[in-house]
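Shared chain: chain A. Partners: chain B in the first complex, chain C in the second.
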Partner chain A sequence: MNLLREELSWITPELCLTLFACVALLVDLFVQKGRESVMVGFFSLMGLLATAFFLYRQYGVTPPAQPVFGCMVVDPFSTLFKLFAVGALAFVVLFTMLSRQTRPDGYGEFYFILLCAGLGAFFLASTYNLLLMYLGLELLSIASYILAGYAKGNRRSGEAAMKYVIFGAVASGVMLYGFTLLYGMTGSIDLTVIGPKLRDQFALDHGTIPISVATGLCLAGFAYKISAAPFHFWTPDVYEGAPTPVTTFLAVASKGAGFAALLRFLQAGFIPDRTLGGPEAMMGYSDKLGTLVAVLAALTMTLGNLAALGQTNLKRMLAYSSIAHAGYVLMGVATMNREGFSSVLFYLVVYYFMNLGAFGVVMYYANTTGDEQIDDLKGLGWRSPLVAITMVAFLVALVGLPPTAGFIGKWFLFTAAVKKGFLWLAVVAGINSAISLFYYFRVARAMWLRPEEEAKYATVHASPAFAALLLVLAVGTVWFGVGFDSLLRYCDYSQNLLR
Partner chain B sequence: MPFLPLIPLLPLAGALACGLLHLQVLRARRHHADARPAEGLIGTIATLAVAAAFALSLERFFALAGSSGERVLTWRATDVWIPTGGPAIPFGFRFDALSSVMCLVITGVGALIHLYSIGYMKGDRGFARFFTYLNLFVAAMLVLVLADSMPVLFIGWEGVGLCSYLLIGFWYEEMKNAEAGQKAFVVNRVGDFGFLLAMFAAAYWTGSFEFTGVNSAVEGGKLATWQTTVLGLLLFVGACGKSAQIPLYVWLPDAMAGPTPVSALIHAATMVTAGVYLVIRTHPIFDVSPIASGVVACTGAATAIFAGSMGLVARDIKKVLAYSTVSQLGFLFLGAGVGAYGASFYHLVTHAFFKALLFLGAGSVILALHHEQDLFKMGGLRRALPGSYRTMWIGAAALAGLPLFSGFFSKDEILAGVLGGRPVFGIPGLNWVLYAVAAATALMTSFYTFRLIYLAFEGEPRGHEHPHPNPTVITLPLVVLAVASVAAAVLGLPFGISHALQHWLEPVIGEPQGHLSHSAEILLLVGSGVIALLGFAIARATYGGGLAKAEARAAARPALYNALSARWWIDELYDATVVRAVRLTSFIAGLIDAFVIDGLVNGAASLAKRGAASARRMADGSTQTYALWFGAGMVVVVASLVLLR
Partner chain C sequence: MELLFFLLFAGLAIAGAVATVWMRYVVHSAFALMGTFLGVAGLYVLLGADFLAITQILIYVGGILVLILFGIMLTPPDRTERNAKRVIGFSASLVAIALFLAVQIGSVVRWAEKSNLEAPKATAAPIGRELLRPDGYLIPFELVSVVLLVALIGSVFIARRRKAVRVDDSSTAAILAERGTLQQKAGA
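Showing the complex of A and B:
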């Protein structure tokens, strides 16, 4: 019994989140109709706060190698990603509370499913166990399918959910097949065991074909989750169709969890430990994998940016933009070294701020006007300066211009790539950033450089709560562009996977 | 020292408040095109912000005076504001003998000018905008003088440059004003470049961005002579830009396009002295490098006489004062170059008072005459504007250096410093040459100053018959500044009667170098007095009898007169050389831009467009297509891992 308590204490955040998910479901039953959104949302926020508190307490504590019967791993890396997920969830909950787009009934379920999805992200980020990783992925995915189709009356929302389900199923099947092959080769579902076994196989030099097939399939699964090309096609349709708070969740939290799992997978299985060294063949394979990821990165950012160019719908444009950003982040993954991985973490945090902000503005705009067209933003800057100014901050960060965090984040990614020898990739990314300037600033132009008279809508009134949310995000976006030191240290510390 | 950062923060807060009020006005104008700003509120906020900063400075000043030991109050926000590969850049303020007096002058004169501006800018559409900039300027200037390291000083340095630009082009609807602002900005960039290089060189060679670090490294002999010379010259390039010295002075006369209170505050009393302040702040560098200090002294002397000569014939009342300012700034550099830092700083303070007074007086005249600035169209204003007349007369007397006015003593101290100071370039005889130049300049100064007084106030009215009287907010600052112009004399009377300022500054600038004997001092003093009176007499003889007579005299020496009134054709020279070269380069660059760069960009854009079209076509919304891509992608990924080596 003591052992159980001891082991379970390492998953207090997960337990806490589960508890509050259930509470949210129960509260919904007892709250008077019409007040669910506020009450249930409030309880969900409390839960997230408590979870964040437990996570904070866990940070920096050195646990046994693999607590919870060897299934989970608690380290700064997983804690960072869980905090990331909790933060994203908090904003999504707040957005939902402020949004009118989500259906007026059945709020408890909504929050319940949202928290469950967060739980999936938790497991995805903190395990070396392939089975648990898969379960986390499924929990996250299935919850996401439901969320994407949550606007039941809306045809687009339904279509989004349907497409999401189909591709999710295919991808998870492919990935599961990859996992099975790995199990077959090594007899273990634990990455910490699989890694050394693979090293032995490389040392024996029996050829790498089975390993290649297995990795390739797993990689395809991960690529789907982070929407890297050419596995990204579901993204724009789903992002556009889903209710905006859900889109925000998918673009930020879900993608972040995907990256966490990908980094852990690559590190445990395919990057030779520098202190032990590895067989020649393994080094070569690791580099080959890196190059493949680099090619995917280039493809992803280029396709994402080019497609974003012609979009007229703001949300769809941001969906492509988030694909392009996955490409940038993959640059850091492709380096397969510590510097690259910590730049990935840094960029994800930056990405968190600017994307939450941009989607928040879209949500609010759509909420008040029922419109998501870029052209209809004309003159908004003069009508609603606060919303428009923060939006410009997010756009500038998305392009990657100083003094915002977007610039610093890209800077670290670029340097990591160049140091690794991916100069070509950095050039491609540079050109892509230039292209992205065009479509991001089309939004800014519509808002500011058109006379007020052309404005289609009267003021988009930002409620104080919403204005505060936007300001927090905008301040974060700018702040980490200037005072990035502590965040960088934090990310580097959390990047404990590679030494 | 929690008070210290408040000194610049107060005007900054004022700027913020005024800026918000301006936004509010802009908002209101969307509905009523002629919505007016709440002038009383804005003026009060802005003036009180600066006055409060003055009160704080005064409080800190007395705290400093009462402190023992090193006499310096410091405040550090952080030791590592910007970490660099080398020495870290701190963020902090330093309130010592030098910066304390600067703070008092800036906030004191600044508050008066703010008060004056309430009257001067009355009814202007940009009333709130004006006070926003003005408050922002004061904040930036305070950061400049309080900075304890070069990068922090640079914040203020650029801040005042920006405000100067904004205020010169304040009435930007007129192209001329906008161009003047642009000219000031561009010329200042040249100086800024020098300053930046000096900052980096100093940090590189001395391992410190702080003034104390740099100065002690130089004093400790850590740098070779050539290094200090390079450092000194680069700093002086920066100083030249900000303080309008040859060859970078050209922007200051044009800067008169701004509203007159701006000319008084920024282009006479405070910002333009930043260069001198910088030289005094880093004086150990100039102490050990005879070349750098020699260049400073000679440039100062040359600028003094050159600009003074242009002031002789200028017709625009503000231009006269502008050339005079350039000339007096030359004096300050001359004093600093020969090591008479105390004298130079003394003159800086008195000049701030009487030049601000003269500008404000000129502004009151301009306002009374409905924006007439031509001296030849004034005349006879003595009766209509007695307040302006009396106070401006005092200011003129101080500028001309008539005995017993503050300018008399401070200018004399510089002249004495030139003779008694260190030999320029190490050549003893050169000091006599510079003294002669300075004395000639003093004569010119006295002449053109009283020329201005006679043309504006004496004789018959030559144009405006009915000037309207000035309100109290305009005349009150004039009176206060007039009193200060006289009273400032006590800061440094000769023969050791009062060396208050010199003693006060000693912790920063050290003991004065070189002493003259008492008899020599008396001789110089008498000489200065005679020169000033002589200039006054010539002006009286020339212009006392009316304009026509004076014109006739000028016509007798057409060559000199033309050269002077064409300002030695310097602007034309610049136009023919520098400007033309720049234009040519920009023309060529324009061609390259239009054909090569634009071609590339447009090509890239159309490529991107085509790419975008096909990328969009790929996502046609059909699940089958997506699945196809998914499958193909998977096969390619696996195949590339399997097949590629």
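Showing the complex of A and C:
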């Protein structure tokens, strides 16, 4: 009984989130009409706050030696990603409360599904068990499909949801096929068992084709979740069609959780322990896998950046930009070593700030004007300087220029890649960053370099709360570019405890 | 005897799958799919997984297939589209077969053997105990219920008839009205 209680205490964040998701669903029934958004949103925020509190209490505590309940891993790595997801959810909830774009009749359902999507991200980030990983992925995906189609009556939103479902179903199927092959070869669904068993297989030297096929199929599933080429086709349509708060969630929390699962998958199954010394074949295979990921990274960032150049819709442009950023992050994954993975964590945190901010500005602007076109931003800089200045901070960070965190994040990714010997990849990424300057700059130009008279709207009505949120994100974006020590240390710490 | 039944069920499953891809009419495909489901259920029986076999029949044949048939019944037929999909289905199955052959023939696979697997818990009672054992599958089992709840609520929300006021129109109208006043202010 005590043992059970102790195990339960390790999963309090998950229990808390589930509880408040249900509370949000029920509160909706008792709140007077017209006040649902605020009230239900308030309860959701309370839940997120409580979850963050429980997560914070787990930080720094020695993680349990055995997986909790036989399948959940509670370590700093998962805690980092859970905090990441809770923070993103909090911003998405706040955005929704302040947004007019999502005005469905079911607020309770909206917040319930949103929090459950977060729960999916929690499980995805904290398990070596393939079954639980798949369930977490599926919970996150199913919730995302519904959220993408939440603006009922809006054709684009419906189209987004439909495309997302079809792509998602195929990707899940492909990934499951990969999982079954791994199970067939090793007889286990636990990655910590699969890793050593695969090592035995390599030692027998039967060739790597079966393992390659299995890994390739699994990677396809992960690539879909993080929208890496060639599985990125759904991204622009879904990001554009979904209500903007949902897009923000997909771009930040969903992608982050996908990367968390990918890192765990590779770390546990395919990176030989250099100190123990794996068989030669496994070393070679690990490097080959790294090269494959590197090629995917180059492909992803190039496709994303080139496609972003021609976009006129701000959300669609940001969608392609998020594909490109998945490419940059994959660069760190391709190194297949601790330093690279640590730089991935760092960049994801930075990515989280700048993308939340950029999508926040889009929403802020679309709220009052109903427009999402880049050209319509003309003169915004003169009319609403505060918002425009925060947007510039986010854009500079997205390009990766100092003094923002985007620069530091890219710096770590580049050094990790070069140290591993992927000089060509670093060069490709450099060229890509230069290309990205063009389309990010177009937004800044529209805001600032057009005379005030061309402005389409007199002023963008600033709700002070929304402006404050954007300011917080902008300060974070710049702050981590200067005082990045503590964050870097935390990322390293999280990474080193990964098995 | 076992081999005979294996061939029977495996043949049924494969023939059903091929027919599903090749049939001209979607309804025929759906019925062919039943062959696959039953064949797979038979294979489960041969593997000693009786509970799984029963669930396969109950859920796939009794639930999902009926759902598919309802879906077909409620959508207008479109034959031109079907022709296009046939090619896709064919090439997709070719890719799947190629992958499988690559795994089988490309090298000698050391599939996990019976001896180093856990003994099959073939009846309903052990499976139920395993699902609720804390170190077993308790967490995945509970998580599945959350997944199902989300899917249930989401599908009800999407299928629910909209209320009299069209949500999007009203917000667009509000935005347009506001835009008008804004421009007036700018003009003044």
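Rule of thumb we're sticking to: the second predicted complex is superposed on the first by the 494 of 499 C-alpha atoms of A that agree within 3 Å, B and C clash if a C-alpha of one lies under 4 Å from a C-alpha of the other, contacts with A are read in each partner's own complex, and residues count from 1 in each chain.
Heads up, the rule we're going with is that contacts are C-beta pairs under 8 Å (C-beta built on N, C-alpha and C of every residue); 3 or more make two chains touch, one makes a residue touch a chain.
Keep in mind it's a predicted model, so treat the numbers as computed, not measured.
A.B. asks: A:369 contacts which: chain B (first), chain C (second), both, neither?
C.D. replies: A:369 contacts chain C only, not chain B.
A.B. asks: In the overlaid three-chain picture, which partner chain does A:4 touch, first (chain B) or second (chain C), both, or neither?
C.D. replies: Second partner only.
A.B. asks: Taking the superposition as given, does A:109 touch the first partner, chain B, the second, chain C, both, or neither?
C.D. replies: second
A.B. asks: Is A:475 touching anything from chain B or chain C once the two structures are fitted on A? First, second, both or neither.
C.D. replies: neither
A.B. asks: Is A:26 contacted by the first partner chain B, the second partner chain C, both or neither?
C.D. replies: Neither partner.
A.B. asks: In the overlay, work out which of chain B or chain C sits against more residues of chain A.
C.D. replies: The partner making contact with more of chain A's residues is C.
A.B. asks: Which of the two partners, first being chain B and second being chain C, lies in contact with A:184: first, second, both, or neither?
C.D. replies: second
A.B. asks: Which holds for A:169: it touches chain B only (first), chain C only (second), both, or neither?
C.D. replies: Neither chain B nor chain C is touched by A:169.
A.B. asks: Touch check for A:229: first (chain B), second (chain C), both, or neither?
C.D. replies: Touch partner of A:229: chain B, not chain C.
A.B. asks: For A:220, is the partner it touches chain B (first), chain C (second), both, or none of the two (neither)?
C.D. replies: Touch status of A:220: first partner only.
A.B. asks: State which residues of chain A lie in both footprints, the one left by chain B and the one left by chain C.
C.D. replies: On chain A, the overlap between the chain B and chain C contacts is residues 208-209, 213, 217.
A.B. asks: Which positions of chain C touch chain A when the two form their complex?
C.D. replies: That would be residues 99, 102-103, 106-113, 116-117, 134-140, 143-144, 146-147, 149-151, 153-155, 157-158, 160, 162-163, 166-172, 174-176, 178-179, 182-183, 185-186 of chain C.
A.B. asks: Quick one: which bits of chain A touch chain B in the complex? Just the residue numbers, please.
C.D. replies: 163, 166-167, 170-171, 174, 208-209, 212-213, 215-217, 219-220, 223-224, 229-231, 233-234, 236-237, 284, 288-289, 292, 296, 302-303, 306-311, 435, 438, 452, 485
A.B. asks: State the interface residues of chain B toward chain A in the complex, per the touch definition above.
C.D. replies: Listed in rising order, the residues of chain B that touch chain A are 30, 83, 605, 608-609, 611-616, 618-619, 621, 623, 625-627, 629-630, 632-634, 637-642, 644-645.
A.B. asks: Which residues of chain A touch chain C once you look at their complex with the stated criterion?
C.D. replies: Contacts found on chain A: 4, 7, 11, 18, 25, 69-72, 100-101, 103-106, 109, 112-113, 116, 119, 123, 129, 131-132, 135-136, 138-139, 142-143, 145-146, 149, 151-154, 181, 183-188, 201, 204, 206-210, 213-214, 217, 368-370, 457-459.
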